[in-house]
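Across the two complexes that follow, subunit A remains constant while its partner is subunit B and subsequently subunit C.
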Partner chain A sequence: MFRRRLPEWLVLLLPAFIVIAAVVLIPLIFSLYSSFTPYKLTRPSTLWRWIGTANYERILTDAKFWAAFGRTVLFLTIVLNLELILGLCIALMMNKVTWGQRTLRTILMFPMMFSPILVGFQFKFIFNDNIGLVNNALQSMGFDVALPWLVDGKLAMFSIIFAEVWMSTSVFAILILAGLFAMPRDPLEAAKVDGCTPWQTFRHITLPFLMPFIYIAMTIRSLDVARAYDIVQIMTGGGPARRTELLWTLMSRTGYVDARMGLANAMGYVSILLSIAFTVYFFRKLSAARAELGMGG
Partner chain B sequence: MSQVTLSNVVKYYGKSRAVHGIGLDIADGEFVVLVGPSGCGKSTTLRMIAGLEAISDGEVRIGGRVVNDLPPRERNISMVFQNYALYPHMTVRENLGFSLKVAKVDEAAIVRAVDEAAGILGLAELMDRKPAELSGGQRQRVAMGRAIVRQPDVFLFDEPLSNLDAKLRTQMRVEIKKLHQRVGNTIIYVTHDQVEAMTLADRIVLMQDGHIVQVGTPLELFNTPVNTFVATFIGSPPMNLIDGVVDGETIALDGGLTVPVPLQAQGRVQDGQMVHFGFRADNLMPEGHGVFEGGAVATLELPVILTEPLGTETVLFTEMAGTEVQAKMLNPRPVRPGETLKFQLMIDKCHVFDAATSNAIRV
Partner chain C sequence: MDRNQAHRNRKRGLKALHFLALFLTMSIICIPGLWIVLNSFRPTVEIMAKPAVWIPSFTLDHYRAMFGGAGEGGVPVLSYFRNSLIVSVVSTAIAILIGMSGGYAFARYRFRGKSSYFVGLMLFRAVPGVALSLPLFIVFAKVGIIDTHFGLILVYVALNVPFTIWLTDGFFRQIPKELHEAAEIDGCTRWQAFWKVEFPVARSGVASAAIFAFLTSWNEFALASQLTRSVGSKTMPVGLLDFTAEFTINWGGMCALAVLMILPALILTFIVQKHLIAGLTFGGVKG
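Let's turn to the complex of A and B:
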């Protein structure tokens, strides 16, 4: 009996194709499809009603969505910059430490070892307006206040940013420290002899050398922060009254609480553009910085 | 004025002493080479002059000014490093002009100085390249250019040629010497290569274990080494040394041969004194293949073990009094290993070193 056999390369690649299709491709196509339907989790039959771009049109005119979108961009910008500056300072100081540096490096990683959920709970307690650590400390120092850390819109944003920065600054610190370790000593000495003050040496020699490392950290963290969900969900749940609503809390509320999965998926596709934009931007910067150093594009 | 004076300079690393109280006077415009085996403290000394290492004790003066506590930028020096130490993210032009830029010199003056240095070193066509796009020799030239642009009082070179291949090294050696003749600044140059030291230096400072062993012109070190270390370090091939005992007017070499006491040691040795008898390969030559300058000559029949033909001369490895020694054959003819030749040893060019102290015995 003649049996046609599949070509060898296809047979060999088939397991990979099947896994990718099952894990990535089918869910992706399904979610994309559902964003063109009024799919509600509670009424499965709605999955088969095609409503075209109605979800997208709705999102584009939805003030709440754009408020969350803008807040997310702001959150990203503030968090990334703060983490960069703090991480750079920590790394520069750590680089000067001659005794016990290994131990310090390990301690530095501690915040990264906690689950974001736990960090969220911890800061929720710390910033609680009645029993929280911060307000208690303020009161015992004589300030007769009970600041609504997690209730006031601006303060709540600050608290979330604080928690996020506390947890992840070490990513920057570690990566920049790695850069400092990899840095050749000769150009630094040449700069000293060439007449540079310590600040000029940092500005003209050290910083350009660190730029690729900084952009790697930025790329990793921008993806991370753009999907910030757990800390926000635990600390404020996006509230009160949506004052700390970020894209992911909005999406999960729309999808799971309001059960409007079709709309939530459409939001996901719009906001993914944000992540792509940040990633592409930092990647470009990374390549440029590497080319600067003659490390090849 | 840019003379450099070291007085009693000491460097400690923790508890171990790397440099033991060095004193040295370097005149304005002089080319001084610090040479010695690795770990002798020559680079440390240079880095102390540059201000890259703290001075543990003693004093360094540049142009009469004590610079111990001045940062490198206030010493008006420039340095060329072994690994070039170019700024990888800057073009050649930016590398050259960097020191002037941080000194806030105005743009036109920077361009002028950079172009002049580039002209001296033939870098004009490479100005827009990054260091990664340059060959080793080109990088080294950029590093030198960067040093020139500052117009420093003193140039410091830290083994600048050791990363280059042999041919390029010879070529760059000539360029460095030309550069010195052209700019005339004081140069302090560190190397472990005695050939570089001999060819470049006005004065060589030979160091060992953190001490200065001998200071002098290349020929002084070559002709009158103060001890066996200098004798074997300077010159290629190294000086031959054979152990022996003084016996009246002669030295009885351990292997059974007897040679007269050389002129310069006569009357300064005692009967029964243990010595090293030393001579250079140039002073042991097969009959008819050398240049003789008069004085006492000893004639010896020695077997040839190995030959190293170099064209104008052949180095012959032979055995004398049980010790392997090297001889030189000028206008060489082919010699086969195993052949026995009649050699002539120029006794009055020979050296005698005390066996206990290794110090030279001479008038």
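Let's turn to the complex of A and C:
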């Protein structure tokens, strides 16, 4: 009797809703509540004291928080743009290769299998100022230097960006390459006959066709931008002197090291809103690009 | 004559440049991974040597220490490997079942607010692991499923379901409706029609969704590091931290564990490579 009242689509979707509600929604509601309390792990009774928006007021007036927030947005902007440009270049180069393309494509997928934490360790090793590959190579080539890759603020940021780009560029490259394969030949030939320069062909024919693929890659990436946490946590832990502190490392330090859960959860909500903003933005771009090409469904 | 020559030279130059750029790209992609593999076979003395030793010697010490168990100052790698395998495989299987039924619902039924349900599900995937790990830690501790396989499996299922729905939805949409209608006219129930007709057609999409779910669970760190504490439930990404002491890191041992961690992912990805790309593009573009 009960089953008949539920429409079939709801029955099919119900398991997904239940699991997500249990694992994501309930903890999120709990953390929303606790972000309005001075909850400390060490003193459970603090969970029942309502302090209103004090935590939010506190982080919004905290210079350290804003520094981390700004750095996170800057980091994401740089990284996503670099990945897109490099991925596009790699895909265009691969498309021109006439032999061994399958092998190259397999190699290209290599970084996708790496755990972010592994990427962090790997580059911590490679950029190690004493025994790292980079410094060893520099010294063997006769430069008498030991660059403090992970100790100097600017170099550390560079190293982290390098690691992040290394890990995620292949997502872009592979998706854009798939787009290039799917591309119809006729418009390209027509453009050639009409006397377009290679740049004009690329700008007005290839690129618009690739746009949906680029937005898919962007959407997939924006779903887990916070993976960068693993890398930063391992490589520098937010140091030196907070020069590479991102929103996520600041949050985990506040939550786990200082045990100030209420405050950390308030920061968590800011980071969740940030992720959601990125995802929604690219999702909308994706549907717009799809509609333009008549691929909407 | 001269113009021909100049043109040919330019073409040759461009070709060389193309080759060089491709070679550089591939080196940058490969060298970090190879460096890890190489160092897992080098004795610690050589890794630490100053000035650097470029001609590597070969030793299996790190692997021996790794599989030797905790007694030799090693890390209980086999337990970690087992935990990772159990958690990843079980959570992938469950996530695929749940995600597939969800994807099917989105692809085949019309209902109010469909696209907002869809985007809503995606947003749950976008919640950063660190932000989720704080409250999840407290909730799981209250329920008493912290530090168990069950807890971690539950989390990974929830993590993988939205993306699986996205991919399988795209694939089921590719299949013409007439297919299962024909099967039903021939006397199949809807359930039979799904498993006998539609599922085999969408198999490569399901395979690619499974790979992504597996890789996510296999590689996840932010949540696992908080929800697991003991040898009985720690996964390999968390186990990597065992090689770091307060001021030193056992690089050789860590590299060996890293190799062990990449191998299954590598093998699996090789097997279903083709589906992987097809899955991403079909599920995404036309979905």
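By our rule, the second predicted complex is superposed on the first by the 267 of 297 C-alpha atoms of A that agree within 3 Å, B and C clash if a C-alpha of one lies under 4 Å from a C-alpha of the other, contacts with A are read in each partner's own complex, and residues count from 1 in each chain.
Here, a residue touches a chain if its C-beta (ideal position, glycine included) is under 8 Å from a C-beta of that chain, and two chains touch if they have at least 3 such contacts.
Since the model is a prediction, treat every value here as computed from it, not as a measurement.
Enquirer: Following the superposition defined at the top, how do subunit B and subunit C come out on subunit A, clash or fit?
Expert: Pair status: fit.
Enquirer: Tell me the contact category for A:74 with respect to subunit B and subunit C: first, second, both or neither.
Expert: The answer is neither, since A:74 touches no partner chain.
Enquirer: Between subunit B (first) and subunit C (second), which, if any, makes contact with A:229: first, second, both or neither?
Expert: The second partner, subunit C, only.
Enquirer: With the two complexes superposed on chain A, say which partner A:8 touches: subunit B (first), subunit C (second), both, or neither.
Expert: In the superposition, A:8 touches subunit C alone.
Enquirer: Once the two complexes are aligned on chain A, which partner has more residues of subunit A within touching range, subunit B or subunit C?
Expert: After superposing on chain A, more of subunit A is contacted by C.
Enquirer: Looking at the overlay, what does A:261 touch: subunit B (first), subunit C (second), both, or neither?
Expert: Second partner only.
Enquirer: Between subunit B (first) and subunit C (second), which, if any, makes contact with A:93: first, second, both or neither?
Expert: second
Enquirer: Look at the superposition and give the distance in whole angstrom between the closest pair of CA atoms, one from subunit B and one from subunit C.
Expert: Between subunit B and subunit C, the shortest C-alpha distance works out to 10 Å.
Enquirer: Under the contact definition given at the top, report the residues of subunit A touching subunit B in one complex and subunit C in the other.
Expert: Subunit A residues touching both partners: 295.
Enquirer: Taking the touch rule as given, give the residues of subunit B at its contact with subunit A in the complex, in rising order.
Expert: 50-52, 71-73, 77-79, 81, 83-89, 98-99, 102-103, 130-133, 146, 150, 156
Enquirer: Touching subunit B in the complex: which residues of subunit A?
Expert: Residues in contact with subunit B: 184, 186-187, 189-197, 200, 204-205, 208-209, 292-295.
Enquirer: Quick check: in the complex, which residue numbers of subunit A touch subunit C?
Expert: Counting only subunit A, the residues touching subunit C are 7-10, 12-13, 15-16, 19-20, 22-28, 30-31, 34, 41, 89-90, 93-94, 96-97, 104, 106-118, 121-126, 130-131, 133, 136, 139-140, 166, 170, 174-175, 178-179, 182, 212-213, 216, 219-220, 222-227, 229-230, 248, 251-252, 255-256, 261, 264-265, 268-269, 271-272, 275-276, 278-280, 283, 286, 290, 295, 297.
Enquirer: Which stretch or stretches of subunit C touch subunit A in the complex?
Expert: 18, 21-22, 25-26, 28-33, 35-36, 39, 47-52, 54, 97-99, 101-102, 104-106, 108-109, 111, 117, 119, 121-136, 138-139, 154-155, 157-159, 161-163, 165, 173, 215, 218-222, 226, 237, 240, 249, 251, 254-255, 258, 261-262, 265-266, 269-270, 273, 276-277, 280-281, 284-287
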